[in-house]
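Next, two complexes with chain A in common: one pairs it with chain B, the other with chain C.
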Partner chain A sequence: MKVMKKNVIITVLLTCCISVAFGQKYLTRTGQITFFSSTPLENIEARNNEVAAIVSQQGDIVFQAPIKSFKFQKELMQEHFNEEYMESDKYPKADFKGKIDNLSSVNFSKDGNYNVKVTGKLTIHGVTKDVSEPGTIIIKGNDITVNSKFSVATVDYNIKIPALMAGKIAKSIEVTVNCILSAVK
Partner chain B sequence: MTLMLSAGSQQVFAQSDTSDNDLERMLDADKSATKKSQFVSATFKSTHIVNGQSIENVGKGVLDFRILHRFGTLNTGSENFFGLDNAITKLALDYGITNWLMVGVGRSTFDKEFDFFTKIKLARQKEHKAMSFSVSYVGGLYIQSLPASTFHLDTGQTYYFSNRVCYMNQLLIAHKFSNAFSMQIMPTHIHYNLVDSSKNPNDLFALGVGGRLKLSNRIALTGEYYYTLNPFSEANDLPVHNALSFGVDIETGGHVFQLIFTNSTAITERAVIGQTNGDWGSGDIHFGFNISRVFTIVQPKEFKNSRNKIW
Partner chain C sequence: MIKKLLLFIIIVAAVGGTVAIYLWNKPHKKVEDTSAIPITANALCKAFSDNKTNAGTLYLNKALEVTGEVMDVNTNQDGGKMILLKTGDPILAIQCTCRERNINVGKGKIVTIKGFYSDFSDITGVLLTDCVLK
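Now for the complex of A and B:
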């Protein structure tokens, strides 16, 4: 009986250790994604602080950005963004599902900055594209910070820009991801 | 003991099975608890449907400069350029103090009138709810500034300032049925301090109905009708008709152009609703347009450290 108890404890401990090592997930619902469109006529910036993101230690990544949560400096731009460009009633969120390519170079149990390459499917405005972008993961205790900066071409995602506005909206939009995820208990 | 070990290993297996689908499910599952219901936006393109107010406010810190024109009637013929030879003009500045409180001031040609209004959001329609409505209150104040000499006063009679003033109370109740179609009803009360005939009531009650149908993301058809319950028997010595207006909204970036056809020559509510003389049936139709240009005066505070300077 005594041996049995010991074994139980060992098993439980082992299970815990293994699940920490392999199964740990990090999650946030208040991640930030900003985008910046720069042309000689006009710069446009929008910020979204309601991004949901989840990262597992197996290297799986899911990001979801509700389109209506992008805030603009000019209120009317926000309305046009939703009504005319992103059609957010039809396509309420943009998402990314992918994997960390170089998972072996990330040590989740050791604090530090790790450069990663992430490959997966990015869906914006109902159009899904395969993408592969660089980023960094900063590990600090139970929190990880995911940073990435990449460009999105509006034409790739079937976002129509009328000729009249072509001078004011960049063809390629700079997207910045800055999300702090906490370990899921 | 073997049993326990296998249970343990099963747990390891379950934990390590984190495909994207599982992660997505985790995000979705948790969201149901924290999901807040969103308010409907963009029920109408502009703060006005045609002549009257719509449920829309300008945002906090946004100034809307409006230029409004109503030409003469189409049935005045080619010698009057189908009405374009004479025009009623109004210039207006509307400003959003908060996202739910908007004020405006305007000056129009008709009766040399100054007008002031305040529009307050009382309720906002929620998404995916059939019985949810947006409700706003509009309070209007109208002061005509015609010279007293135009009123043919008897000697010794004074024309008081208060004679020049009208007030309006209006409720806007709107519902966005779909991305393309919105409707609004407008119970309205107008008080005229002085009417030009004892047969005309000082307090006028009307019920308006307005709507919008989007043809594309940037072009929409609008319409507006005010039914007066106790109409004036006459205004400007002419019979009075209910106001009926149609418009096309065209949006180009920061501007909204509204091209309109209406039987009202005036632009402010007290004159449109109570004192419209035109008759659609006999061709008393005025062409006109509204141009709206918005300026962001106060930046949202989230953008204080933005690298994009809008000034």
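Now for the complex of A and C:
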């Protein structure tokens, strides 16, 4: 019991130290990422409302998307996505860790829309790539909204699409990030 | 002979078509139809704190029935409800995204939630998806 209390105190102290070191942080457990695949044969869309994200005023950005939480209209699509393409048992999450390049153009204490460029490492299907994508940060009171839209080539992340399905799944998937984060008190 | 062959082809096509239609329209899995592992929120969190790899393997593709105290109820960006259960850990919680939107549960209440294990996050804790309140 004493050891557990000690661990809790250490964790709280560590959290406080991290907050001081990284300034104000914003967090969400319910961020949203959608993806869209468009081919002449079929459009496929999936949505994930369980994305965890942290943004610090020092410009650090972390996103974690649990793969099994992407929801499809059809169960069959969801099964194929998890079992055959993303192998979610083996690679349960996709994540991004990076920084805002033009941090000086964002004023976290003033409401407004700020265009940003974010650079970092995107890991999908166990493959990590350096990426740099544009986005916007909307600041409104204690909340910030991070928006970005970019494309992911399946071949870059070693996602194999069977020849039979090649005409139904786009080689480049459109990913839309829309996460509302609240200031951590 | 030709008649028999035609009949055979028609039967195979009909069976194949029926199977294809069934698979295409197969309903999403419901957690109510799945047997679940009963566990407390504290014990589940401790399992991941002690060894997240072992716990992740143990609960992979399993349904869990987690009992704990409601820490908070959030609404996600699609209007769905996400219930957080206390775990005794200051940072990590059990995060349960509910299938139904009309959930009425208050902070501090002891509840049992059944859902599919989705993932563990160092940021937020244990994620359960497609959950229902018991």
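Definition applied: the second predicted complex is superposed on the first by the 163 of 185 C-alpha atoms of A that agree within 3 Å, B and C clash if a C-alpha of one lies under 4 Å from a C-alpha of the other, contacts with A are read in each partner's own complex, and residues count from 1 in each chain.
Throughout what follows, contacts are C-beta pairs under 8 Å (C-beta built on N, C-alpha and C of every residue); 3 or more make two chains touch, one makes a residue touch a chain.
All figures in this text were calculated on a predicted structure; none of them were measured in a lab.
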First (chain B), second (chain C), both or neither touched by A:Gly23: first
Touching partner for A:Gln64 - first (chain B), second (chain C), both, neither: both
A:Lys149 touches, of chain B and chain C: first, second, both or neither? neither
Which superposed partner A:Ser56 touches (first chain B, second chain C, both, neither): first
Touched chain A residues, chain B compared with chain C: B
Contacts of A:Arg47 with chain B and chain C, given as first, second, both or neither: both
Partner chain in contact with A:Asp89 - chain B first, chain C second, else both or neither: both
Which of chain B and chain C A:Phe36 touches, first, second, both or neither: first
Chain B versus chain C as contact partner of A:Met165, first or second or both or neither: first
Which superposed partner A:Ile180 touches (first chain B, second chain C, both, neither): second
Set of chain A residues, in rising order, touched by both chain B and chain C: 4, 8, 11-12, 15, 27, 29, 47, 52, 54, 62, 64, 68, 74-76, 89
Interface residues, chain B side, partner chain A - complex: 1, 4-5, 7-8, 11-12, 15-16, 18-20, 23-24, 26-27, 30-31, 34, 38, 41-42, 58-60, 62, 179, 217-218, 251-254, 294, 296, 299-300, 302-303, 306-308, 310
Chain A - residues contacting chain B, complex: 4, 7-8, 11-12, 14-15, 18-19, 22-23, 25, 27, 29, 36, 43-45, 47, 52, 54, 56, 58, 60-62, 64, 68, 71, 73-76, 79-80, 82-84, 87, 89-90, 97-98, 162, 164-165, 168
In the complex, chain C residues that touch chain A: 23-29, 56, 60-61, 74-78, 80, 82, 84, 88-91, 95, 97, 116, 118-119, 121, 123-124, 127, 129
Residues of chain A touching chain C in the complex: 4, 8, 11-12, 15, 27, 29-32, 47, 49-50, 52, 54, 62, 64, 66-69, 74-76, 78, 89, 92-93, 178, 180
